[in-house]
Amino acid sequence: MVKLSYIEDFKRWEGEFNFFHPVKVRFSETDMFGHLNNTVPFTYYEEARIEFFKSKGFMQEWVKPENETIPVVADLQCDFLSQVFFDEKINIYVKAASIGRSSVDIHYMGKKSDNSICFAGRGTMVQISKKTGKGIPWSVDMKEMLKSGVRVQA
Amino acid sequence: MVKLSYIEDFKRWEGEFNFFHPVKVRFSETDMFGHLNNTVPFTYYEEARIEFFKSKGFMQEWVKPENETIPVVADLQCDFLSQVFFDEKINIYVKAASIGRSSVDIHYMGKKSDNSICFAGRGTMVQISKKTGKGIPWSVDMKEMLKSGVRVQA
Amino acid sequence: MVKLSYIEDFKRWEGEFNFFHPVKVRFSETDMFGHLNNTVPFTYYEEARIEFFKSKGFMQEWVKPENETIPVVADLQCDFLSQVFFDEKINIYVKAASIGRSSVDIHYMGKKSDNSICFAGRGTMVQISKKTGKGIPWSVDMKEMLKSGVRVQA
Amino acid sequence: MVKLSYIEDFKRWEGEFNFFHPVKVRFSETDMFGHLNNTVPFTYYEEARIEFFKSKGFMQEWVKPENETIPVVADLQCDFLSQVFFDEKINIYVKAASIGRSSVDIHYMGKKSDNSICFAGRGTMVQISKKTGKGIPWSVDMKEMLKSGVRVQA
């Protein structure tokens, strides 16, 4: 089993996901080496993360022009565990691995239809003020919703 | 010589361009058939069109958040005249082929370094109000600047 | 009703589609003007066209490395009939409007969930030989499959 | 100064780069939050990495259809250190931070025209066989070329 710095126990990590969003590899997302271009999984991560936030009711607020806060990505990483080809259906799993004051560490897993894992990844999202650019703490409600099934950062 | 509905005389059409913006084909813009994916030239057209509008001083105004107007694309078309490959340098030529009240018909030509033409295209841009979505006529000054070397629509 | 050069009777044109593929606007497909970037519908067209060809059994052959022929796009055009925003669900309709010897004129229509039409478009596809780059005529079977519900070019 | 797991001493890390490739933020690369979409820097990394490999003479071999080896990306990460906007010119710096048997750890830094650093990143590239998918060791010559200015992995 592959060893990644952000995963202590791969089997447990894999088992903790309970949300996923399906994507299918577009022809325009392949490159001349014949497989999925390596820049594309980050687009899948964004799409799946937004669906995850929508399932929590967050995204709907963030895209309102009058809303004070928006989410920004502080960092992103992806491990490419196997090659992915045109037309493959990948389920992108998303979970909140740990929750900070105004940030959340989101983990990602891409699974093929044969249940093999083709991507693993993570990245920090921060809720900031559009005006000041500073982090805006999660409300108690938001924290509750993110927490469902995740451990809170000490 | 290829016959396109928006080009009466190809040689004259080619000769009327005097602005271009160079692009180079990115690896991520190729697809598994080994050449430039057909969706990408429209990205090149946008990039070159914006540089064209910047050269006229228009774009700088349009991207100001407080500015009332923005340009929108009403239609776009592209003829793919030859295959294009990774790392090729293409000059994207842009001209205002004809000017309407609040619109302009922009023509495009992609030229390889051997001077062969790989793309031809066109599309209507309209200046609209952000609030109403209605067309906002060009000012006399804007018309003058667009007109440099183009015929005015009757 | 909008007047487009490739549509004689809009209502009849709209009624002749019987295949569609649904897409949803990704966040990364919007631009700083707040709506879907104009280069993206061509990606949707490609995705829907490929699903259309898959429904006819063509695409499966074309992507086999040992297959002699591939489809290439000779031209593409899109009319943007209304603004499209993040997270909107668009059904991309596809039909073979007319069939040539080795080419086919594909038409596209994008429909929002309120049934309003946001895109119209068309483009010629040609089946070529990978080796020679020349057009390879459709087989009788392929023509039959494409013909279902389309008129044959004189 | 920001603390990143793959950078021991930020000032030294910054000073060790001596190759860069300039990019300019395209309009189509922004999103509705008004800045560069977070998936795009990976495209810049790929473009700059390929220019880096071209400067070493590697890429030219890898894209030849008859060549046995191709480079694949094993992992990628990016830290977003400041917001980036439409039309900004960013120099993407690239270096080989450490060299393995068939792999290389590539580091990236994005610098704005005011010399502020907007992205930092890294990722492992592996040279594999197209046929077997297994890692193919660097030749002595390749190692020499990659080594210029980098420390070799113990």
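Order of writing sets the labels: A, B, C and D. Residues in every chain begin at 1.
FYI, a contact is a pair of C-beta atoms (placed from the backbone, for glycine too) under 8 Å apart; a residue touches a chain by one contact, two chains touch by 3 or more.
Keep in mind the model is a prediction, meaning the values are calculated, not measured.
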Q. Measuring centre to centre with C-alpha atoms, which chain is farthest from chain A?
A. B
Q. So which has more C-beta pairs touching, B-C or C-D?
A. B-C
Q.
So the centre of each chain is just the mean of its C-alpha atoms; given that, what is the distance between chain B and chain D in Å?
A. 32
Q. So what's the Cα centroid distance for chain C and chain D, whole Å?
A. 36
(Q) Could you work out how far the Cα centre of chain B sits from that of chain C, in whole Å? (A) 23
Q | Multi-chain contact residues (two or more partners), chain A | A | 27-28, 32, 37, 39, 43, 46, 63, 86
(Q) Applying the document's contact rule, which stretches of chain C touch chain A when the two form their complex? (A) 26-28, 43, 46-47, 50, 63, 86-87
Q) What residues on chain B touch chain C, complex-wise? A) 5, 32-33, 37-39, 42-43, 46, 63, 70, 72-80, 83, 133
Q) Across the complex, what residues on chain B touch chain A? A) 27-28, 30-32, 34-35, 37, 39, 86
